[in-house]
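The data blocks that follow each hold one structure.
Each of the next two complexes has chain A plus one other chain: chain B in the first, chain C in the second.
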Partner chain A sequence: MNCHFRRIGALVRLSLLELWRRNDMFALLVLALVLLVPLSLARPFGVSGAVRYFDEAALLLIWGYSLFISLGIGGRLFTSEFDSRTIYPLLAKPVSRGELLLGKYLGGVVASLSALAFFYALWMVSAALRGGEWLSACLLQAFVLHAMFAAFAVAMALCASFLMTSSAGMTILAVLLPAMFFFGRRLPEYAGNVSGALRPLVYAFYWLAPHVEFFDMRQRLVHGWGGVDPVVFLAVVGYGLFYTVAALWLAHVIFKRKKL
Partner chain B sequence: MKQTIPFCLVALVAFFMWLLAAMSPARLPQAASGGDFLSVLLGDAKQDLSYAMIHEADSYFHGGIDMECHALHGHDAHEAHDHAAHGHDEHGEHGHGADCSCGRCGHEDEEQRVEGFDPWRWINSRIRAPEVERHLEGDKVVEMMPWFWMAVKSDPHNEEAWSTAWYTAAYLMKDELLALRIAEDGWRQNPKSMELACVLGRAYRAKGTFDQGKSEAMFEEALRIAKSKGELEDQENAAFYSALGYLSEYAAKRKDAEMLRRLLDEARRRGPDHPVARSIKERLSVLH
Partner chain C sequence: MSERVFELDGVSRSFGQVKAVDNLTLSLGKGEVTGFLGTNGAGKTTTIKMLIGLIRPTSGTVRLFGGDPSESCTRARIGYMPEMAYYYPYLNVRELLAFYGGICGMDKQTVKTRTDELLEEVELAEAAKRPLKTYSKGMLQRAGIAQALLNDPDLLILDEPFTGLDPLARIHFRELLKRLRGRGKSIFFSSHELGETELLCDNVAIMKNGHCIYHGAASAIAGDGGANLERLFLEVLEKGGVR
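== the complex of A and B ==
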């Protein structure tokens, strides 16, 4: 059992190192500074004191970045191993395919969460500098749900990389997830406006597609609504876990049957 | 080689932007409504952008709730927010319907009972809606200003953006100087707008910025624009009667019966039974 955890731990460390060695994080940080510093200095109509628009923009950027990083990490987890043929020496070691998948996935999630924690820490520093509330129960809930989203996005990207080419999978997810994020809750309204065979299709999509908007607590944070009811919070975590496990299970089945 | 690619891309984008800025709007395939970079780039889309910004400001006023959902469900989202007449409800009460099911307001339980349980809607309504209705008030109203600023920057000819920004500054922030500055800027950008002439006239009526001469001049300007237009739209009609009302008030204070008669004629020409026409008639009868 100990040996099992050690092997998975080694794979997690590898993924974490890979993310921070790449320049993606720093490029994103510079981009965030270029966008947010002028925004923080703006004084609309010569009036100061407005902070919510800044918080909203910063949190939206964090969401965009976490999506970009999670999909990138999930999509690359195995593709790079297959492309460079390093999958063979990996599988030659006493590691089962299931362990390899789980280890690499956990590594991807830890790497993605480290980036998320870094961006949230920056947001908290900025909130503290502006004299606002920088730590609250709502923020903790928002972070946990956002982390759940990141874990789910890595699993989806990993699964998609087995189903199709990595770039195709990432492109589809890069369209699907933001679309659900912004419009998912309005699908029943759209379904009501279409007729014929399209209506049951839209409803089916509404029931089956991952509702990533559940993980978004930006409005609560920005407008100070306070934390969400624990029952709802647990329901959303459970929802995320269900989709994550389903995506990983599918990836495992495909990887197990894959001829190398 | 790889390191030079980003620099080449940046140079290419910079060149393209310079080209757009240098190009006169008349030479573009579609005529842009202004000569600025945003007009050239976005064309008419900047008007939509501007209205989206006002919409965001409205949602900020309602504590982050998107009021559009009420409109989608047949509610009058702005029943207490009559922007044309600026009859905003100062207590911030609005028609939060108990049957809205958009998942953003959290008041959809009634409809759920009728339609059947939808767990996704249930979760959404609880995550994306506050447990308690709240509105921006006091110092917090300033949070709306960046959105108005972006709205008027996106489209300086958006009269609703200017007038709502003025209203917010004057009545919610109670900053008369800021309100006057916004009203003056708006009028400078839209010298043919009846509504903004009226807004500036009202801005000069405020206690801290009171200037009866300038205020009257702006209301007269509003009437002059109305005359030149002929048929008026709803908002212009509201501005027209508002200008008449204020001018008659000034005339009554001066005991200027001749002016009141002229205003009464103006009012009767457009609507003989309008309440403003009746009030001018009453003022005139008091003078006699």
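== the complex of A and C ==
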């Protein structure tokens, strides 16, 4: 058991070191800082509605950055190993493909959540500077659901990198996930307006595609509506876990059969 | 008969219609050094991949220390260096070895001790703090051999270890392999460098179109004439077998 933890620990450390030392990620974090700080601190004419608008925009940016980082990390977890041929010495070690997949995934999630925690810390600082409530149950719920989404996005990107080229997978997910985020809840409305074979297809897509909007608590946070019912909260976490496990299971099946 | 480190028995491997390895029977004894020769596409890398459990044979059996190489615990006794890997460029060699040590399930203290020994052995101690992206090809090969030796393996499998090395790096690498042979390690390496093979190996195996057309002592094919391996290699390839 100790050996399993050491293997997984080594893979997690590698992902964190990669995130820390890769210049593009560092540049993204700096860019996020540059964009988020003015947005969070802006007080346009002291109008509270406008302040909320800027708050919401800042949170939307956090969502965008976190999606980009999660997909970038998840998509690269194995493609970088294949490209640099380091997958060969790695798989020649006494490590199973399942352990490798789990370790790389957890490493990716820890790296992605580190970036997310940084963004939320920034949000809390700006809230505190404005004299607002900088720590609340609603914020904790928002962070946990956002983290669940990030973990799910890493799993989806990892799985897609086995099904197609990494860039194709990332592009599809970078379109699909934001589309679901903005329009997912409107799909039944759209299905009602179409006829013929398209209608069941839209409904099937509605039930099968991951509903990213479930994880979004920006409105509650910005308007001070408070957290959601704990049962609903746990149900959404379970929903995210279901999709995450399904994506990892599919990735494992493909990786196990992959010709090297 | 000495203990068999690995045994390939009637192994074949196809990729679609292409038969990369065809009915190969080959084994390596404890402490033996065997050079694995053949032209490009002869089936050397496919054989090595089957040996370390990366791919399964279409037919036949592969035994590594008596076990199945696709089982992770069987691979605990081997060290493998692929043909030119570009190790994580953002790590230094100490971090690289700490990572692979963790993957092997080794504890921190053992990894540290082994790292110190290996960095001296492969002459990378002075460059230990430099990121791997600043390393030359020869230095990367030495980092590669260090990761392969980290768990003190009984069998070392090297895929084209001399590729891209300058003459001085080649001499250093050859001396390193000789020292390992002196310590009783079994070594199996594929190569196009016939001179190096001749200087290092007890045995050679020559592949052509997926078949092993010769396996035995290098001296046996050299015969009384004392001809070099290069001429004999060409002769064996042309005839498709031994004289």
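Note that in this section the second predicted complex is superposed on the first by the 236 of 260 C-alpha atoms of A that agree within 3 Å, B and C clash if a C-alpha of one lies under 4 Å from a C-alpha of the other, contacts with A are read in each partner's own complex, and residues count from 1 in each chain.
Convention: contacts are C-beta pairs under 8 Å (C-beta built on N, C-alpha and C of every residue); 3 or more make two chains touch, one makes a residue touch a chain.
A quick note: this is a predicted structure, and the numbers were derived from the prediction, not measured.
Trainee: Tell me which partner A:M217 touches in the superposition: chain B (first), chain C (second), both or neither.
Mentor: Only chain B is touched by A:M217; chain C is not.
Trainee: For A:G9 in the superposed arrangement: first (chain B), second (chain C), both or neither?
Mentor: Touch status of A:G9: second partner only.
Trainee: Could you look at A:S96 and tell me whether it touches chain B, chain C, both or neither (first, second, both, neither)?
Mentor: Once the two structures are laid over each other on A, A:S96 reaches chain C alone.
Trainee: Looking at A:A204, would you say it contacts chain B, chain C, both, or neither? Reply first, second, both or neither.
Mentor: Touch partners of A:A204: none, neither chain B nor chain C.
Trainee: For A:P188, select first, second, both or neither according to whether it touches chain B, chain C, the two together, or no partner.
Mentor: In the superposition, A:P188 contacts chain B only.
Trainee: With both complexes superposed on chain A, which partner does A:V232 reach: first (chain B), second (chain C), both or neither?
Mentor: first
Trainee: A:Y88 in the overlay: touching chain B, chain C, both, or neither? Say first, second, both or neither.
Mentor: second
Trainee: Looking at A:K259 after the superposition, I want to know if it touches chain B, chain C, both of them or none. Which is it: first, second, both, neither?
Mentor: In the superposition, A:K259 touches chain C alone.
Trainee: Which parts of chain A are touched by chain B and by chain C alike?
Mentor: none
Trainee: Which part of chain A faces chain B closely enough to touch in the complex?
Mentor: Checking each residue of chain A against chain B gives 42, 44-47, 49-53, 185-186, 188-189, 206-207, 211, 213-214, 216-217, 219-220, 222-223, 225-226, 228-229, 232, 235-236, 239.
Trainee: In their shared complex, at which residues does chain C touch chain A?
Mentor: Spelled out, the residues of chain C in touch with chain A are 15, 49, 52-55, 72-76, 78-88, 90-91, 95, 98-107, 144, 147-148, 151, 157.
Trainee: Considering only the defined contacts, which chain A positions touch chain C in the complex?
Mentor: Touching chain C from chain A are residues 2-4, 6-7, 9-11, 13-14, 17-18, 21-22, 84-86, 88-96, 99, 259-260.
Trainee: Under the definition above, what is the set of chain B residues touching chain A in their complex?
Mentor: So the residues of chain B in touch with chain A come to 60, 63-64, 72, 101-104, 118, 120-121, 123-124, 126-128, 130-131, 134, 139, 142-150, 165, 169, 175, 178, 181-182.
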